[in-house]
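What follows is chain A paired twice: with chain B in the first complex and chain C in the second.
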Partner chain A sequence: MARIDLDHVRHAYGPNPSRPEDFALREVNQVFEDGGAYALLGPSGCGKTTLLNIISGLLHPSHGRLLFNGDDATELSTQGRNIAQVFQFPVIYDTMTVYDNLAFPLRNRGVAEPDVDRKVREIIKMIDLEDWSKRKARGLTADQKQKISLGRGLVRSDVNAILFDEPLTVIDPHMKWVLRSQLKQLHRQFGYTMVYVTHDQTEALTFADTVVVMHDGQIVQIGTPAELFERPKHTFVGYFIGSPGMNVLPVTVEGRKARLGEQTIELPVAPSAEGQGKVELGIRPEYIRIGALGMPVKVRKVEDIGRHKVLRASLEGQEIAAIVGEDESIPENPRVRFDPAGINIYANSWRVDGEPGRRV
Partner chain B sequence: MDKTWNNRAWFMVLPVLLLVAFSAVIPLMTVVNYSVQDTFGNNEFFWAGSEWFQEMLTSDRFWEAMGRNLIFSFVILAIEIPLGIFIALNMPKSGWGVPVCLVLMALPLLIPWNVVGTIWQVFGRVDIGLLGYTLNALGVDYNYVNDSFDAWVTVIVMDIWHWTSLVVLLCYAGLVSIPDAYYQAAKIDGASRWAVFRYIQLPKMNRVLLIAVLLRFMDSFMIYTEPFVVTGGGPGNSTTFLSIDLVKMAVGQFDLGPAAAMSIIYFLIVLLLSWVFYTVMTNYDAER
Partner chain C sequence: MLELRNVSKTVGGVDHIRDVSLTLQHGSLNVLLGPTLSGKTSIMRLMAGLDKPTSGSVWFDGVDVTGVPVQKRNVAMVYQQFINYPAMTVYENIASPLRVAGADAAKIDREVRQAASLLNLTPFLERTPLNLSGGQQQRTALARAIVKNAKLVLLDEPLANLDYKLREELRAELPRIFAATGAIFVYATTEPHEALLLGGNTATLSQGAVTQFGATIEVFRKPQDLITARTFSDPPLNTIALDKAGKDFVLEGGVRIPVPAEIGGIPDANYTIGFHPHHLSLKRPNAQAVAVSAKVLVTEITGSESFVHLAFADARWVMLAHGILTFEPDEMVEVFIDPRNILVFDGFGNALGADRRLAA
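The block that comes next holds the complex of A and B.
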């Protein structure tokens, strides 16, 4: 187990990067605490796999340092770092049996055969492939193969960290739940440092204690699932997490009032957003109240998604989404109010706090 | 649905039937015809039965040529297959080196076979050939014209020069189809260079290797042009392979009967070996 520090890590795939756009990973300073369960969340191409490969040593960062328990590990080989990594698509050794596949990482490291046997039996039981142990691995289904890949990551007990690169993409939904809870349980039991890359917010929020949201090669927010939901630091986080995502509306702010077209919205605190370029108000659909009072909206459509309804409407020419309870009715000419608890103000896409001159 | 029967449809297969008849069946039957008769020209034929077959199967000349052919095939397979794998493993996977290597590899395959023979015939000559002259100047007693061993070395090196690239190209195609994730996973699992070859690269090359072995075995078993141009089967009979011997017998000595019998035996052996390879390959597929 280890604490992993990323110190000013940047990476560009092309030679001679100069502009920020040349970097797949712009600048990351991040600490993965020993024994933490982290999720790296972001859309495809945001740099999360790059970051993962830098930690495991498959990629050498163009700039910056990597520390394991405070020691510089930037120049260490993948083997030297002692990291386990599970990839998006299953990698199995076709010609070996399931048992030998799982034993492979241990045998390569010269572990004594009785220990190998004990460990492999334990893992094979956990991934529920006991009946297959003597069979050649090539006849298995995709999710059985991915379980073997997972198993090969888990079989080494002394690893510094286990990295998962969207490991459940090829697994069917039912197995996803099972495997995810097994991973969670493993984490509690053995206290591995785990970093889990995904573009699926449910996966990230259920797996991790701390979610790291990435966008465009940089980390935009680190926090607990609740923090990401309530106080998105960047409009991207608001939009990316939650379904539907946060409503982001262009406003002008004067003291404790925000102006949206003809409408004025009371703010809980006076933000220091004046004179900071593009100012926006963010509010999650969960915090928009529908009723007879407030700002008039034009209803576009109502989607009933089972647990609740999603109201799509336009407010002062801006598209908004609001969540309405399954049993609530929508009035003829609905009006909306914004719950002050759910209002966040953004300047140039970054959230501004109530106190003047400070970004959060 | 009811099938419509129309016997005129048989005419549809007539063109291909004629084509196969004239290109394969009729020539083959002519050979069969020769193999059971004796002739002295003038279109006079005498029935000989299985006499020529018995003569062939008991003749030292035939079995010696067969032995030489088998040794030749196994030697070139033993060299070309590992060498081809080795070169394919060391070829670049990306960048400007890829097209350069591929073109270099393809070049020997594009040269007509008798030209390959001529190149090596000249290359190895002790009076004007770069190889022959240089070796002798360096004090190596090399002369493929009167030394059997030198003749064999020349023919084998020529075949390796000519055909190893086929194995290389087939293996390379197998290698580039391996996704990067396999190599990354092997690194994470701490696999040695040998383990990567043994458990990732070799299994992925399995199929193309079978094809390579089949093609090279068949081709080398039927080899004619190149050794004929270089050594003419000599010195003595030392590089007289089955096909060279066959041509000597049929065209040189005009022994049509024995030559025809030999052709048929030769053909059956090639057919048998093809069948063995085919069975091995399909069984291998079924096992997957």
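The block that comes next holds the complex of A and C.
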């Protein structure tokens, strides 16, 4: 396994890029530590697959360098980089048995047959296809085939990194739970360096120790799942992570008070957001308390989604979402309070902290 | 209304659909929920007239339409893949069913603009589909389905190829769009969460049979059998097989869970109990709750919540807990099960006392 450094990496698909918009991937300086589990999270077109393809060598970056354990790997082929990859759709040999599909990457590298057998049996057990071992891959279902693809990615322990590009898209919800927790156990057991690309926040947050959130070809925040949830650095992160995403409300700030229409909201600290253009207050639906006290809201809709309810309401003309517990009831004319622990203040979409003039 | 009466479909000796009876009302939204190959698409094809049932009949507004082909049925379909005419503008894509029907120019213009406005496509009417995002392409396909003014609209996993966040946005809009048209909507999905967010009615499917049909939240809260309960739980339903002895169910290690009073009269035998991941807790919820000691396998953190995978005897459970929890693998934890929240199934998998859980 290896530590991977991206050094001033940028990429433009067209010739002679000059403006920032010409780059599908704007400048990235990022270290993927040896043995780390990372997710690249963002919507379609945010540059996450471009970044993954630069790491794997499928794409040569137009600018910058890539280092593996400190050595320049920019010019190395995918094979030269010794990387395993798992794609969104199964890449397997239909005419081979499940066993031979899994053995292929090992035999290809001249691994001794007893070692091949030991490793293949271990993986086949993990992906729960022991009963299918001697069957040809052709007749298998899409999710069984994808499990083989995953297994092929995991079968070699001498790779520098394992890269996953939306690997669970075609898998049924129940099997996703099983495969995700197995990937996590394997990571802990073998210390692989793993980079996992997805648009699905649950997959990213549950899989990775460190999540890299991308938007418009840029990294907008790198953090643990808890940091991304509690302290989104950019309103995009607040919106993209969480379901529903963070409520973002236009406010004016004076000292420790934020004004939203007719309402005044006490802030935990005085942010340095005065005179900085567009100022917004971010609060996640999980931090809005419903009851008889607080700011009056007009209820638009209550969605009962089983383990909790989502209240959609209007507060001073702004649409907000709030989470209401399974056993909680919503009063006739509800009012809302914002838990100070969940309040973040944004100036021009970037989070500001309590000390003057400094971004967090 | 649309009725399927004892419909079965056999292909090459294999049962695809087994004795399905369903009645769907005008203006209703009906979700077909089940894993891959459970029969969702096959049922839609029978509803549309793309396939003819092997036995049973299909009725529309009191008329037997079993042999009537799709062209004569006034049905609109939207698929997982974005299907549009690539050479036509969005405007012409939406207009195409109206042109086929020979509508006059004024009517076409009115209806295209109305559907475009409903689906937020107005700024894109002059573009061609390939110059749109995936979400906009699928909105175009949905708009075309709407102007067709079909009595029956079939949506086969329409959001599956979209990003997580786009899915969330479009899913929130769909019920409003459905309500505006008055047609019968049928929506296939593999995801329980999606069914709950859409609301309406849900038919759970397993191996070509409908296991339960009713108001979505009712089916979720009061599954009539173990298969339905499992189909409708994500994370997976926690279950364990145990024996009843007198007033209690006895778990491995001698822990006793009192049998709910409403079904106190059931004989001593082997049963399966089930409970949702959010009904397993680290804190004692009330005096009746039962403590069991389980081993932590892996913990997944989503930012605000943790999914803790646990082993208890032969069972694998998931606990959904608020906050960020850090456990060492193999650590033993005490978790609580509230007897009020358990589902009880007999040896055939039938739910006992399903009606007692009004708000469980």
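As a convention for this text, the second predicted complex is superposed on the first by the 356 of 360 C-alpha atoms of A that agree within 3 Å, B and C clash if a C-alpha of one lies under 4 Å from a C-alpha of the other, contacts with A are read in each partner's own complex, and residues count from 1 in each chain.
Heads up, the rule we're going with is that contacts are C-beta pairs under 8 Å (C-beta built on N, C-alpha and C of every residue); 3 or more make two chains touch, one makes a residue touch a chain.
Treat the numbers as computed from the prediction; the structure is a model and nothing was measured.
If you put the two complexes together on chain A, you find that chain B and chain C both fit without a clash. Contact with chain B, but none with chain C, is seen for A:138 once the two complexes are overlaid on the shared chain. Panel annotation: after superposition on the shared chain A, the angle at the CA centre of chain A between chain B and chain C (CA centres) reads 70 degrees, nearest 10.
Contacts of A:188 after superposition: chain C is touched, whereas chain B is not reached. Once the two complexes are laid over each other on the shared chain, residue contacts for A:84 go to chain B alone; chain C is not touched.
By the touch criterion defined above, A:225 reaches chain C but does not reach chain B. For chain A, the partner with contacts to more residues, out of chain B and chain C, is C.
Residue contacts after overlaying the shared chain place A:172 against chain C, while chain B stays out of touching range. By the touch criterion defined above, A:20 lies against neither chain B nor chain C after alignment on the C-alpha atoms of chain A.
Here the smallest spacing between CA atoms of chain B and those of chain C, following superposition, is 10 Å. For chain A in complex with chain B, the residues that touch the partner chain are 53, 56-58, 78-79, 83-85, 87-89, 91, 93-96, 104-105, 108-109, 138-139, 149, 152-153. The part of chain C that touches chain A in the complex is made up of residues 35-37, 133-134, 163-166, 168, 190-193, 196-197, 199, 217, 220-221, 230, 234-236, 276, 278, 297-298, 300-304, 307, 309, 318, 320, 324, 329, 359. The touching residues of chain B, counted against chain A in their complex, run 179, 181-182, 184-185, 187-192, 195, 199-200, 203, 288. The touching residues of chain A, when paired with chain C in their complex, are 43-45, 141-143, 172-174, 177, 180-181, 184-185, 188, 199-202, 205-207, 224-226, 228-230, 239-245, 284, 286, 303-307, 326-327.
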